[in-house]
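The following blocks contain the structures, represented as structure tokens.
Shared chain: chain A. Partners: chain B in the first complex, chain C in the second.
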Partner chain A sequence: MQWTLQYEETWLHRLNPAFKLIFFLSLFLILLFVHNPNVISNLTLVPLLLVLFATGHRRKVIVLLLIPFLILFFSSASSMMFFGQGTTTWWKWGIIHITEESFFRGLHIGFRALNFALLGLLFALTTRPVFLFYSLIQQLKVPPRFAYSFMAAVRILPVMVEEFQQLRAALLIRGVKKKKGLQRVTQSIMLYAVPLLSQSIRRAHRIAVAMEAKQFNNKERTYYYKQTYSKVDIYFVLYIMAGFGLAYWVGHTFPYFGITDVRN
Partner chain B sequence: MKRLKLSDILITIVVALVFGIIYKIWGPVYNIFKPFGLHIGDVIYGMWFIAGTVAVLLLRKPGVALLAETAAASGEFLVGSEYGLSVLLYGIVQGLGTELLFALFGYKRYTAFVAALGGIAAAVGSLVMDVAYGYVMDLALWNLLLLVGARLLGGFLIAGILAYYLVEALEKTGVTSLVRPASDKDYKALDQ
Partner chain C sequence: MKVGVSNLRVKYAGAETLLFNKLSLHIKEGEKVLFLGPSGCGKSTLLQILSGLIPNAVPVPMKADEVAIPESSGVVFQDPDSQFCMPYVDEEIAFVLENCAVPQTEMKSFIHHYLMKVGLNFEDPHVEISSLSQGMKQRLAIASMLALEPEVIFLDEPTALLDPEGTSEVWKTIKQLNAKQTMIIVEHKIDEVIHFVDRIVLFDSEGKIIADADPESVFSFYKPKLKEYGIWYPGVWTDHKQDENLPAPYEKGQQLMSISQLQGYRGKSSKIEVSDVTAYEGEWIAVTGKNGAGKSSFLLSLMNVMKTSGTKRVRDKVLKTIKASREQLAFVFQNPEFQFITNSVYDELVYSLEMLEDKGVEKVRNWLEAYDLYHVKDLHPYQLSTGQKRRLSVGTAMFGTQPVLLLDEPTFGQDASNTFKLLALFEELRTEGMLIIMVTHDEMIVHNYATREWVIQEGKLIEDRKRERREKGERHAMDFTV
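Up next, the complex of A and B:
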């Protein structure tokens, strides 16, 4: 959770959060229609540069967060590479059948997953959840009871972490032994999941009652934080558009791979 | 149909966020389980549908499954999921799957059987997303069938059966009386 991390605020933090969310989701949809592996590998650089240099977080943190992405790349790409359909066989061993088509399709899926992951990380690292929820209410007209429920729920999470540690300590003192195998699953559900969930349901119910007692309702309300659009939003769109344009141009003029469409 | 009250929404989102954290932890677990693309690990994929069924079994109201699954996905996303933005869209589609299935039963039946179908419906939702996202239709047929089979089985086992028993265990603690709408049976009990 990023509010526990130290970081400097950059221009990316000043983007309108709701706009950022909608814009990123439309990028996601656009990426689904990119079928050229040359283009998508170039496109990966667009969010990567921002993640590396513009989030205001410490380099160490960024590198640490990027490590799982390598595993993600491989695990997304592997099944399509090994077991995809294709005609030009490169390598066959038992059930593994790597063809030129399936290899590049796998590579493409890997890059696509990387793109989504980087965009997601960029969003998570540069957006304060509270501002996002205020912005959802103010710009996208999300009903306040949904947004405020979210903010309240986020605040409950640290309490639950504390409760979890307390539970663990209590069970340790009472000498509860860990069971093995499948019984371990049922045991941890009964010992951890049930008490944690039931307590937080009770807490959530109490909070809702308290909020309504304090006249939280659907009528007109005023806000402590005001979210607006600014020039930064335009700069961001320009950066993405330039990046995407360049990626397309380079991908088409200087292709690295022979395949330009990974679909059959 | 009853509109969701503030307490319904708040409870749904709190439960969903707890699962959101589990969803985040599940990412690396899943990636370790599926190293060579054989999709056996997809049985545990079912964990990613559990918020929807648990919430709707708990609160027994329309709209809860979709809200819970979307909220869990947003929670996973905000904590910094390595799947990034895709989890949001997957969450919405999976939640829709569960929601539609419970709607099909008129939000009247909350048995283990319906819960299991709800889990499977979410799995179908995730597969629909996979067709667009991962070109899964271009996998060799046996591999595709393995993926579909493992995914559905995971939805059935984890999001269906496990979710049902989790909620049953929660019922014993008495919290469900806080959240469920009063049934006809309750009103009849008052008449006596």
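Up next, the complex of A and C:
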């Protein structure tokens, strides 16, 4: 079965993975301190442009991946809009109470969620796990024994998906008497978790022994891939800084919404 | 003396007896030694002790007067899917080179060198491991083991989970390695190794050495033991046929099953296409074809687990739903563990029976006694041995009154005695009028047991051959005696 996506390598793939990780985490932090809906809606464009045009993945794949994020946007926005507090009532029906304040707060939360999601997607689409772990070892001095264990674990995931499918077919064929209500949940956990976990634990043990047999230890080691910083990292920082600056300037100079701070 | 132990004593946690008691064994430089013995006799444990994995990587309590392990050892394990930690071929070998602190600039040429040694000639070795066949994966495992430049090579049933094609591929690779290389091999299927090794060490079920000699002597003096221990020795099929005395070709029974214009889909793509076939009571149909040809999809389509079109009929019943299929077709999966849903052997059968307690008890008991599982009836199914698991999975599948038995490689990875026991069980069911449809890679089973063969190629049933069961005692080209 084909599990990996085909893509063209772009300049985003050449960013240093560890640097990218830290940089994205700090962007998440910065986003938490943006309270102006004008600014955050503009900010969304910054990662969106990259996701749409610079990841090197096929358009179809990107569109498919964006669907859940749009749902996330609407669900997080609407829950805040419908049930939030506020003084200027627009619409009230039962427990649903939309006010001007809650509407903009909802919109703001929605955009923030979308921003997080797009940045996360950008990271996931342009970072090979293997390079990330090599970079974590080389730049952030993560001990190799942790990093290589994670790489081995990433490799097991598709095998687990395949096993899950086989197990599902086996259970369908044997015919399971479905229990009702909450018991149904515990029943399916038992039916799936026990065989999948027991397989995985044994597999993990075998891989661990195989790794030791290949002389994996805490001694001095060399690396097949050398992860370094490059000009691309600077371009990326410049792009983000310019994008964020522009978003901030436009948001303040040409506001579309009357509210400039959703906390009030 | 290069590798060896003196007066070795080993005990697994919770076990009542010692696995090895005062065992001594020494292997000289350049020797190629094969360990033989019944499952569970400790061959693999001994191999791991001699390679130094026990107790360094796997803590097992052991004592010995002397343990001589090689300075460097390379081990190839049984399961092709659980010995790699990296996703790509080049990265996996690089992992070994990294461990040995080989400078990065030299890695590319080393990777090329070791891949050439095992005949994996990729133009660019950056190939996903998951896209390789099982035989190729084992060859990659050999290549990455060679990258350690080991003094002694240890092979722990390297072909137990491979089909015949993969098996000969792997042995061919091993045979063309350096002739002076010291090797210690544990293997059950010994057709291909027997002329390669210099020495055979035969263990009994208590882990005692009962023979330690050259292959010819072991064969002439200990053949009954090899048979008892379920080893696939050359000529095992000839002997089996003499013992078993299989009935001559069947008489055609009543028409039982008919399939017309069957197609099975995964998503939108058609995985299997079968136009028109009929099958009769008392037939044993072997479904053969390459890996990924669509054999398993065929069985899953019959069960309606995949989306299908066309009709399937057993007697006058049309099989449209999973439930309808389940009532007519008993299905045995390749991995028996996936079929178990309760916490004890006994409950598994009761569950299948879906009967009232008092009515079921006798039937379950009888079945367990007949299949030699009654003494383990309270164990969790996972605690059984592989042969027992397989028998139980057959039991759970066909405890009803289904007239058709579908088997997905039921003898895969089993030793000879388990295989023959299973085949005897299926044969008994067949003579009672059951229709058996069995996916298998094993040519010998097709030759000796099947009455008909369906060949599947690229998702299509392309051939429907009648098979004559061979006459008793007839020798096959693959068989030979030493």
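Heads up, the rule we're going with is that the second predicted complex is superposed on the first by the 240 of 264 C-alpha atoms of A that agree within 3 Å, B and C clash if a C-alpha of one lies under 4 Å from a C-alpha of the other, contacts with A are read in each partner's own complex, and residues count from 1 in each chain.
Following the convention adopted for this analysis, contacts are C-beta pairs under 8 Å (C-beta built on N, C-alpha and C of every residue); 3 or more make two chains touch, one makes a residue touch a chain.
Quantities reported herein were computed from a predicted structural model and do not represent experimental measurements.
Contacts of A:Tyr223 after superposition on the shared chain: chain C is touched, whereas chain B is not.
Legend: residue contacts after superposition of the two complexes on their common chain; A:Leu167 is shown touching chain C, with no touch to chain B. Residue contacts after overlaying the shared chain place A:Val154 against chain B and chain C alike.
Shared-chain residue A:Ile62: touches no atom of chain B or chain C.
Put chain B and chain C next to each other and count what each touches on chain A; the higher total goes to B.
After overlaying the two complexes on the shared chain, residue contacts for A:Leu246 are found with neither chain B nor chain C. Contacts of A:Val130 after superposition on the shared chain: chain C is touched, whereas chain B is not.
Contact with both chain B and chain C is seen for A:Arg203 once the two complexes are overlaid on the shared chain.
Once chain A of one complex is fitted onto chain A of the other, the partner contacts of A:Ser76 are limited to chain B, with no touch recorded for chain C. By the touch criterion stated above, A:Arg263 is placed in contact with chain B alone, chain C being left untouched.
The residues of chain A shared by its contacts with chain B and with chain C are 152, 154, 195, 198, 203, 207-209, 211-212, 216. Remark: chain B residues 5-7, 9-18, 21, 27-28, 31, 34-39, 58, 67, 71, 74, 77-89, 132-135, 138-140, 143, 147, 165-166, 169-170, 173, 175, 178-179 touch chain A in the complex. Of all the residues in chain A, the ones that touch chain B in their complex are 1-2, 24-25, 27-28, 32, 65, 68-69, 71-72, 74-76, 78-85, 97, 102, 105, 109, 112-113, 116-121, 123-125, 129, 145-146, 149-150, 152-154, 156-157, 160, 189-190, 193-198, 200-205, 207-209, 211-212, 216, 262-264.
Against chain C, in their complex, chain A makes its touches with residues 3-4, 130, 148, 151-152, 154-155, 158-159, 163, 166-167, 169-176, 191, 195, 198-199, 203, 206-217, 219-224, 226. Across the complex, chain A is touched by residues 51, 53, 56-58, 72-75, 77, 79, 81-88, 90-91, 94-104, 107, 128-130, 144-145, 148, 300, 303, 305, 322-323, 325-326, 331, 333, 335, 337-341, 352, 382, 396-397 of chain C.
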